[in-house]
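Right after this note come the structures.
Shared chain: subunit A. Partners: subunit B in the first complex, subunit C in the second.
Then we have the complex of A and B:
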């Protein structure tokens, strides 16, 4: 079987401490501390209780969006439809709550199921047609979003129960309660990819599909499953957003759900995921999304013009990646000496 | 003894400085997104800061008309030290949790130019009554079209915008009362591209079948005014909204009959005044004579004057008088500062 791991590349043997220092996760942690310190020096409000709660709520959603992309990257694919699926799941939830009057826990479960089903459709199309997931999800992004807009007439569902909305505003020890589901999902994904046969088979299918197939891995089924997990996670992200906004809004992820794409890729890629599949890091994706959140929040606090926010975010993230690369190169050179 | 005196003096100075800093009001004017309607909020912020001695009054807007972005911006503004808010809510319901959270930090929040659904912790809503304005605008259109069976088209703004449905209802009510048929409502076109495309296509295909046009959003008003000028025969009567120069010129030249104003400058200016007062001990008066509004029971109508060829040249004076009257009305009728 091909290498199936969520651990950092160990091709350079060295003591564990150096392995940790070389890891993407440690680099991200350093960058979070670095930028956190920078933003705090510019604005003391950065670490205020209000901002910590706001940042943790945004991070909870960003992490989940990153996970939804990571699940597909694990099998060597990608999904441009995560935002569209999230918007569809949120609108389903809103419709079930407002029009059907279901209890909100049941509505949430059904919305997550819809997200997973839409994801699975992506996977089935990819496996059956042999087309790259880029093409498949580019098409379904428009398809899913278009059908959702047609069915809902682009109306916002505002009949969200107060209990659910108050969850979006709740804090536990100064941290947004939205972090709760995110941490649970994080733990579940660590177990899935690190300790279960299915998780390892998904990574194997992404690393070397042919080898995995020869080893008895049902690659097609793993791809469908990865897309289904991705859809379910996108739905959870969208539901956290519904709790935050108190309404299910068709444009919550931008037109066609495109506003999620940058966040969706940045988390896992910064976290060390290999885009060709087979290697991901759940903790890395978590920290990558936290870094993106810290940067977004800090740039807003620095009163960077709102129109320049995206440009600055991209530039600073590029710098962050280059700094991380330089750090790892430096440590590798020292390790070889 | 000298040492004690200087210590006490120093402490008193520090306390005074702390109190002054605490009393300093920093108002943020935040619309739901970038839009020409809010262009007057910038100068209104500057004027309010100078006239009312505010610590700061700034116009900040999200990069896109999206609730998430407005929420992110509002949260960051709290962290930046803004302690009073005049906000055009991105969504009448979806904005409520965030606005309540702002109020929870001790910052007074006033909904400006659009209201949020009750219940909310917002002090009050200061806006033109969008439904009534659309109703009166349609009445002016019906009067301009003259007697007999008439058909009109209605071009309006984003469906997610809190006022749009109220405007659609207001136009429908006035038309129904007069027996006028609304043959088409085109919504979600408060941006140049969709407005040009849909209004142009509609007038090209059906312009000969209608007698009048009512527009109840900024960009459709501008686009339709240009279309009326291009058509040129002045047969189709049109009532616009707001005060874009394209609309004002079309009124001057007779291509558009008139426009319903909203005075965004005055709304933002007076909201900053009220937010500062609320932050410094005033309360919303128990006997405040709030008006009726479909979304809230705490509505202050900021007025919607009608501009036509007879008063288009004196529009600035109309706005100025409206602002002065609104400021006085809010201070005396709606705030209690005892």
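Then we have the complex of A and C:
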């Protein structure tokens, strides 16, 4: 007999039930069902076809925003500039369509490229200076947004082709078509982090840069790449917003893009991402963003007002972090026994 | 002899899979300085943690004076008059000296506003006692490292400490500062304080300590020996230890093989000067030295993490420039098992499979970057099996495994990578005997299969049982080579001579320049 001490690996083919029930993804799923039921019992309009379409459209955008933050969290950083980058990409797209008259698929691709490039700038600054991404992106958030406002003179581009806008308003089986791109990106990210060298190296670089570096991972390059992916995803989120609004508006993500920040952190953190890096969950971030969307939509239906909504979402973030801490402590103890 | 101030009687401490301390007895006397020596992983820090109430002993007793004591938390130790000055500073830089000294004192009413003048007045006598002319109101961040250390000692004394533990207090001090510290320690000794002095610098230990205990692999190798009976070489012998059962390994004939890695007159930004060595295929070359001799830094330079200021590195006879570990691994097939398993060797939060596979992701991915899980598993599991890694599943977090299993995984990832040159840095520190034997056997097999191994270890028995040739490094310079005769006594003698000579020369040089 060989010294086989690793048991046959059950968790791939047949995940053990207890593990699933303890996962943060399952917890989120329960919360979504719970709150969905609660809101439905209070207001039957919650599950009306109109509201389902509206919620799925909002969710599609919120999920993308969360992903764009998650990409940076994977390497142990964060990006305050996701909103600013999104706005810059959206305005690029609007300008290309209205002023240059490019065909819209090409304009979309270029806008995503601009988003990725702006993200990469963040990454390069972080790696070259050794500053924390918080400081770097705090600065570039203002920088990118300011330059964008200067170049566009803060005007709104309304020359968006009808095809593109109608896509944003289309429904497939009662669900907003905006979910399409989001689902494709979700699948791509699952593959990226689970099944590619680059994804795994980004996570390794985030978990423990010294160990990753000594194992042959180019840590700096991975950080730049993560920021570039983040920028590209922020651009996609912004383009979905452009399709919904039928216009590229400089203030679409609030002043300096700050309106995105709470949502950007909520999705991945609810989904079980570790803020110090090295661990994320694509499905978790997806469900986290869905939960946030359900909560905001339901609370708005209950007419509690925009300000209370923000307070509630903030409370949810805190609660989620505490729950996650308790869950991890429990798992830790179980593993030690 | 003076009375005993603090004593451990046959204390033992076990961690899962490791006996950190076994039957260790030391006696610290009033008005005396006791040295605690031992190589890394010998159990010094565990012992300090037992004495200061961070850990509780699994067996044995602690006595403060004649009274048996049970410490449940660090506070209990402080209350019993035991204080410790750690290697890393434990002061709050933005607070004043007096505030730092008052911190943690329960006599201060939490509700009353702090009377800063009184704090300063309280601090003053202790600072004076140490001959420190610093204003207690000054911010700690404005002090020198040596002054901060004095403040820590003052703080300990102000808590009525009669037993003071000093953990490598001179590690970051200049010789003059160290001398000033020793003056203070002498004065405290005259006042009847009992001190324990932990250091790797044997000259210092000989200079100021009255008695010495030496730990080796968690047991007493020398117990409360008067310092005057010992010479430097005795101390080294006690630390390095003697292992009567050095396994008789088959001698390899590597001299016929080609040179896999060669350093020619290498000088580095770390401070190495003119280091020349070569490692042949199928050969284990040992690099011996005391802690801080520059061995790990040399390994990191080879891996592309240090700048060359002179000389060259040759791989299979051809000069190469290695700019990063990525370069070293993927282009030159050189691997490095770090001595710092927790920070550099492994990603503790990631799974066994992720850790063992990290070096081969790049090679296992297809052109689209797709990495099949089964592919990675196929290339890593054989090595995990070969090393008999014990884990409930491949998806277990490495941080939940024992030290021995962790080290096996740190090794397995380089086996999976299939490197031709493997640098192994302190491969068996802090791991259990059985894992140690496995790793030794594995290193021999690797060399037999043609891998060139550069072994860095401070464990002389390990060195003698594994290495074909032993190079001795001290102060970032290679001091010489010793052919391994497998005769422990003769080997330790000649290794010691190389180190000893170098320090003598250094002292002569210092005397000449002074």
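Here is the rule we go by: the second predicted complex is superposed on the first by the 300 of 337 C-alpha atoms of A that agree within 3 Å, B and C clash if a C-alpha of one lies under 4 Å from a C-alpha of the other, contacts with A are read in each partner's own complex, and residues count from 1 in each chain.
One rule holds for everything that comes next: a contact is a pair of C-beta atoms (placed from the backbone, for glycine too) under 8 Å apart; a residue touches a chain by one contact, two chains touch by 3 or more.
Because the structure is predicted, anything quoted here is derived from the model rather than measured.
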First (subunit B), second (subunit C), both or neither touched by A:211: second
First, second, both or neither for A:91, with subunit B first and subunit C second: neither
First (subunit B), second (subunit C), both or neither touched by A:185: neither
Which superposed partner A:156 touches (first subunit B, second subunit C, both, neither): first
Touching partner for A:28 - first (subunit B), second (subunit C), both, neither: neither
Which superposed partner A:107 touches (first subunit B, second subunit C, both, neither): neither
First, second, both or neither for A:148, with subunit B first and subunit C second: neither
Residue numbers on subunit A that touch subunit B, as the complex places them: 43, 45-46, 48, 50-51, 54, 58, 154-156, 158, 165, 168-169, 241, 244-247, 249, 251-252, 254, 259, 296-297, 300-301, 303, 306-307, 309-310
Residues of subunit C touching subunit A in the complex: 303, 305, 324-326, 328-330, 336, 338, 343-350, 352, 354, 357-359, 361-362, 364-365, 369-373, 377, 381, 384-386, 388-397, 400, 413, 417
For the subunit A and subunit C complex, residues of the former touching the latter: 2-7, 9-12, 191, 195-198, 200-201, 203-204, 207-208, 210-218, 274, 278-279, 335-336
Contact set on subunit B toward subunit A in their complex: 60-64, 66-69, 71-73, 75-76, 78-81, 91-94, 96-98, 100-101, 105, 117, 159-160, 188
